[in-house]
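Okay, so chain A shows up in both of these, paired with chain B first and chain C after.
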Partner chain A sequence: MPRPGFVLEVDRSTPPLLFWRGENFSLEKLPAGRSRVIYPPEPLPAIDDIDGAIVHALLNPIDSDPLPAQLFPGMKLTIAFDDVSLPLPKMQSPDTRQRVIEAVLDMAAAAGVDDVHIIAALGLHRRMHEYELRHALGDRIYDAFHPRGMLYQHDAEDHDNLAVIGTTDHGEVLEINKRAADSDLVVYVNINSVPMDGGWKSITTGLASYRCLSVHHNGETLQNTRSLMGHRKHSALHTSIWRLGQVLRDHGPKLFQIETTLNTDMFPKPFDFISKREWEWNAKDRATYLATTKSLNRMPVRAARKIFHSIESPHQMTSIQAGETSAVHERTLEHVYRQQLVPVEGQTDILTLGIPFVCPYNPDGIMNPILVMCMGLGYLFNMYRNKPLVREGGVIIMTHPTYREFHPVHHPSYIDFFEQVLPDTTDPVVMGHKWEKQYAEDEWYRHLYRTGNAYHGVHPFYAWYWGAHGQQHAGKIIIVGGDPPTVRRLGFTPASTMDDAFEIASDVVGRAPTITHLHVPALLVADVT
Partner chain B sequence: MSSGGSVSRSMVRRAARLGGSAERVVTRIAKPARNLGFPYRKPTVPKGVEVPPAPAKLGADYDTTWARKAPARAARTVITRGPLRVFTRLVARPEVLGVDRLDDLIARGDDAPPVIFTPNHHSHLDTLLMVEAVPEPWRSKLIIAAAADYFFTTRTKSAAAALTLNALPIDREVTGRKSSDMIRDLIDDGWSLVIYPEGGRSPDGWGQEFKGGAAYLSARTGAPVVPVFIDGSGAIYGKGMKRPKPGHTKVVFGAALRPAEGENTRRYNARIEAAVTALGDEALTDFWTARQRAARGSSPKLTGPEYNGWRRQWAIAEQRKLGAAAKRRRQRRRWPDLG
Partner chain C sequence: MKALQVDRKLGRLGLARAMSVLSPGAAARVGPLEMVTIDPPALPAPGWHRVHTHLAGICGSDLATVEGHVSPYFDDWVSFPFVPGHEVVGHIDTPDGPRRVVIEPVLGHAARGFPLPFEGAAPGDGNDYAHLATGRLEPGIQIGFCNSTCGAWAPEFIAHESQIHDIPDAMTDEQAVMVEPTAGGIHAALLTWPVLQGIERPVVAVLGAGTMGLCAIAGLRRYVPGVHIVVGARYPHQMAIAKLLGADEVVRSDELARAVRRATSSHMVGDHLSGGADATIDAVGTSASITDCLRITRPRGRVVLMGMPAEVTVDLTGLWHRETQLVGAYTYGTETMPDGSRVRTFDLAIDTAHSLGFERLLSATYPLDDYHDAIAHAAAAGRRGAVKVAFDLRPRARTRTEKASS
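Right, the complex of A and B next:
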């Protein structure tokens, strides 16, 4: 039986704690008596018969007819699926998407459906490489559909292939992929890694256009998104998306949502020590840690990155539900919270976060400085329900080398954003008004997004907006071990050691602040009361 | 005198200086080691936190995968064909019979299906005899089902059993799904299995009733069962003996058995036991007598006579006279020299 997550009060006998530092780790000692560490729950057991569970979910959907009953010869069937940003790290084959889509295709074949399109729901993310598509969908699907042009990636800039579904009472326009809009049935295959994902967000962002996304992906909305991973009513982003969802439900194509959840078994051997509680490290874990950190220290970052991005997670499916989008998503959230929720009492003055080598926007790429901000303030800071782990005006301390390095193929507009926008302003609202349009409409970025493997020109803004609430909430943000000029460019304060960081933080939170450390991996959502 | 005294004083001073510098070196080396904490040393445990017991890695949970990799197989070949073969031949002098019954399977060479050998069990020597007697192509891909609670209790014992005999830990109380899944996978990979259906060595020299594990595995995997009777090993190194008494043994192979259509595991197991019993009779008498008695259902039971006590022990001595044990060279009596 997996153990639930818990809050450890740090005392004198607490060993140093593991912090991510990009493509490496460090062990840091936190002050005894006023620090606490939130440990995630252990991974839940996977479903015994995953393929059986998939078929069962498709035949017994929630608030919807069974999938085979909705399939008929001559129909237009579109299957959309989450892109490479999920799950992290990529899962060991067979991927959930492959298993589910193969089951859907089996039923479509039995029903005599010929017109099937499979679309990667990228939104404004980069196009997936062939090896990534093959990994997510398997060779059988790729080889059968891609050569015939029936497997492709959504293009949010292909205006001929976008269709307006309708407008919300707040004036938000819903514009999605035309093939999906014209289909008799859209089946969406989702992987719900965090509570933020899934539901109406799947189609209204994954298959949407820039015009549609910019309505809610902006500085103001994200600043007002007070709980990205918690209650939807506290999230301006989700409120807007749910309004668009109603438009989709009332005026869009017929939908069949399939949502899956994974357990948090994220790192295979020999890296499994990362997920262990430090006092439970055995001699082998300690030796692996020492060998890993010492060799990573001596290795070029590029090689270390290669090693980390080649990791394939052993995580497995813990639930699958299909049917009507809202009802399915409620059930999905129950499963996500069952795996990730940890009750925590009260806020502290300081929140410490180890920033890993990967975030949803750099699979097989470089964790550039903007993504460090996005991962720290956009994702890890937001892993709470009710209220943040750090009090308003408190200090957030992150550990990451924050090198000034960008992936030229995946993140071309990030380079200009760093050189042009950040020296001018780090305020999400100001940069949105002043710079966003120029990047969104840049022809070169548009070309790279549509034909290469680049994120859309506007994506660095979205990554920055993701941290808008954390940036606004914190009194000071410190990065330990980061390249000082780069960290300053982000508007943060560099520190060389954790002790230095606490010293710097004392200006804001006094000499004896209370501290919370979020122990990642695995994923957890702190239910702060 | 005075010059000798100054020499000894200077030597003492030099020794003192040497001692001092040695102490400084040791202190310098020892100091960082003393100061090293986690992760160089075991972590301390925070108050109020319970450390769960480490998952079992011995017994039935011992992972023997490494023992089936190429380096371990090469080492095993050297061990079994070198010192173990010499030891077995010196101590047990095996006579191997009935291999011709497997000729049809052997003729298939590398395409021969994996099989499950089910010998009776009187001694640890039985495994050495099987390793020696099992013909190719099975010998080089042979795993031995060994009692997890006996051979896999410590790391050293486990590693030795896995390396030298390719032993696989089996829980003899319950055949867990994990064990049977693992064996099924190994058989699917082409490994043959030696399993003792009696579940352990004979406590008194007579056999024990067969448990259903071999029949179950054969039915589950489709691998045929080859019944085997080993005679004489109990007299050489039976249960409870402190050291082996060299002697003769006989290993008799029977024809391969397969589960019949609609046959349940219990009946199949009874058939395997009957086949081993008949081979036992054959080993002690002759083929024709054994076949006749088997046809009449009057083969002497492996489990011995029904009665208990000294008569049972007496009967074993009578039986041994018929078998390979009877060939033991009597020790030369050494009469005392009374002058």
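Right, the complex of A and C next:
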């Protein structure tokens, strides 16, 4: 029976705690008597018969006819799937998407459906490389569909292949992939890594156009998204997306949503010590930590990055549900929270976060400075329900080298964003009004997004908007171990050591602040009361 | 009189070249520059005047000479030994009292006793340079590279009346010593105009924001209409001054290509922009800077090479394919302005240096005796937050002065 997550009060006997530092780690001692560590629940057991569970879900959907009953010869069937941004790290083969889509295709073949398109629902993310498509879908699907042009990636800038479904009562236009819009049935295959994902967000972002996304992916909306991972009604983002979802339900194609959840068994040996609670480390774990960190210190960061991105995670499916989107998603959220929720009493003055080598926007790439901000303030800060772990005006301390390095193929507009936008402003609303249009209309970015493997030109803005609430909420943000000029460009304060960071933070929170460390990995959602 | 003099001593030139790599200014201690005692030069003919130096700047070409980096090209265009110094403000004694002047240092037709190439020609005008190596003077392209005239790194030197410009009473010596580099910058700025005509908002990139780059920015802003100026600078103080002088966008040098791409809505194709700046001014003059400028200049655009290069290695395939014009910008003379009028560059420069308060670009002055320190300072000007370093030969100047550049 896996142990639930819990909150450890740090005392003198508490060993130093593991912090991610990009492509490395450090052990940090937190002050006794006023610090606590939030540990995630241990990984839930996987479904015993995953393929059997998939078939069962397709045959016994929620608030919907079974999938085979919705399939008929001559129909247009579109299968859309979550892109490479999750899960993290990528899962060991076979990937959940492969298993689910193979089951859907078996049923489609049995029903005589031959007009099937498979679309990577990547929104404004970068196109997946062939090896990534093969990993997510398997060689059988790739070889059968890709050469015939029936497996491809959504293009939010292909205006000939976008269709307007309708407009919400707030004036939000829903414009999605035309093939999906014209289909007799759209099957969406999701992996729900965090509570923010899934539901109506799957199609209304993954298959949407830029103009459709821009109505809710902006500074104002994200500043008013006070609970990205918790209650939907406190998220301006999700409120908007759910309105678009109603338009999709009422005026769009028939949908069949398949959502899956994974356990948090994220790192295989020899990195499994990362997920352990530090006081339970044995001699072998300590030796592995020392050997790992010393080796990583000696090798070029490029080599370390390659090692980490080659990790294939052992996480496994813990649930699958299919059918009507809203009903399916409510069930999904129950499973996500069952795995990730940790009750926490009260807020803290200082929140410490170790920033890892990867976030949803740099699979097989570089965690550039903007993504450090996005991961810290957009994701980890937001891993709460009810209220943030850190009090308003408190301090967030992150650990990451924050090197000024960008992946030139994946993140070309990020480089310009760093060089042109951030020196001008770090305010998400101001930058949106002043600069986003230029980046949206830049033909070079469009070309690279549509034909290469680049994130859309506006994506650095979106990454920055993701941290808008955290940026607004915190009184000071400090990065320990980061390149000082780069950290300052982000609008944050650099510190050499954790002790220095606490000293700097004392200007804001006094000399004896309460400290909470969010232990990453694995993923957890703090249910703060 | 005591003067700083450069002689052709090959061993010292080699040593200076080696030492300059190790430490800025080290070349001044071991190289071809020496403090010597010489007689003031004789006036060679009527129309020549004796100029008493007030301030004399240290230029990039002076540093290249002191550090032994000058191209062999100049071997036959200079005459050793010579006293350097061509950025100068000084005075001429007249019966009515001292007359403050700046010197246009090019030793042109009039100075060398040849007919002018056209009426009213400036010393730098004309399409045949034979006069620079012949005539009544020893070879020398300018005062400061000619044995016959001496140079401004001495209490006095001689200049022909064709080279002499009076300056307004209100103009300080500190502004006036900037006139010569300002003229060079304006000349480079105006050389961009032929490829900018007819373009509504032409983009000009400037790579390098030392003295010359900054003067070119000022020239672009003042005399080239409607231009959008994008500057790549290395040091924070250079960036601040570039902005003050009217640059629209100032970025780090290694960010210039991306800034130009954004400003011109180009694609990046390999190392080159698909389009690029209509013109680029290279105020550095190295293999790397010329390469960078060719990459960011649009097809059929123009690269104005203002920084003095020596031997460089550049792949010119892009220049060939894009039909890029690569144009040198040596000094100044008579300019054709965008409105078609003809003006002497020095007149524009005097007005610019005065109006814009270019004393702000003069970061430090040294007595001639402290030339080791002065050269070291000038050689590391960017790193030390300086722009222009000069010798102060005015009688009251006995100590070094330094101020913040911006």
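Basically, the second predicted complex is superposed on the first by the 529 of 529 C-alpha atoms of A that agree within 3 Å, B and C clash if a C-alpha of one lies under 4 Å from a C-alpha of the other, contacts with A are read in each partner's own complex, and residues count from 1 in each chain.
By our rule, a residue touches a chain if its C-beta (ideal position, glycine included) is under 8 Å from a C-beta of that chain, and two chains touch if they have at least 3 such contacts.
Source: prediction; values computed, not measured.
Once both complexes are superposed on chain A, the partners chain B and chain C fit side by side without clashing.
Contacts of A:L8 after superposition on the shared chain: chain B is touched, whereas chain C is not. In the superposition on chain A, contact of A:P16 is made with chain B only, not with chain C.
Of the two partner chains placed around the shared chain by superposition, chain C is the only one that A:D416 touches, whereas chain B remains out of contact. With both structures placed on the common chain, the touch criterion links A:N282 to chain B but leaves chain C unconnected. Contacts of A:L290 after superposition on the shared chain: chain B is touched, whereas chain C is not.
Looking at the superposed arrangement, the partner reaching more residues of chain A, out of chain B and chain C, is B.
After superposing the two complexes on chain A, the angle subtended at the C-alpha centre of chain A by the centres of chain B and chain C comes to 120 degrees, rounded to the nearest 10.
In the superposition on chain A, A:Y152 contacts neither chain B nor chain C. Annotation: superposed on chain A, chain B and chain C show a minimal Cα-Cα gap of 40 Å.
On chain A, the patch touched by chain B and the patch touched by chain C do not overlap at any residue. The part of chain A that touches chain C in the complex is made up of residues 412, 415-416, 419-420, 438, 442-444, 447.
By the touch criterion given at the top, residues 37-40, 42-49, 51-52, 54 of chain B touch chain A in their complex. The residues of chain A lying in touch with chain B in their complex are 3, 8-11, 13-16, 27, 278-283, 286, 289-290.
Against chain A, in their complex, chain C makes its touches with residues 251-252, 255, 258-259, 261-262, 265-268, 274.
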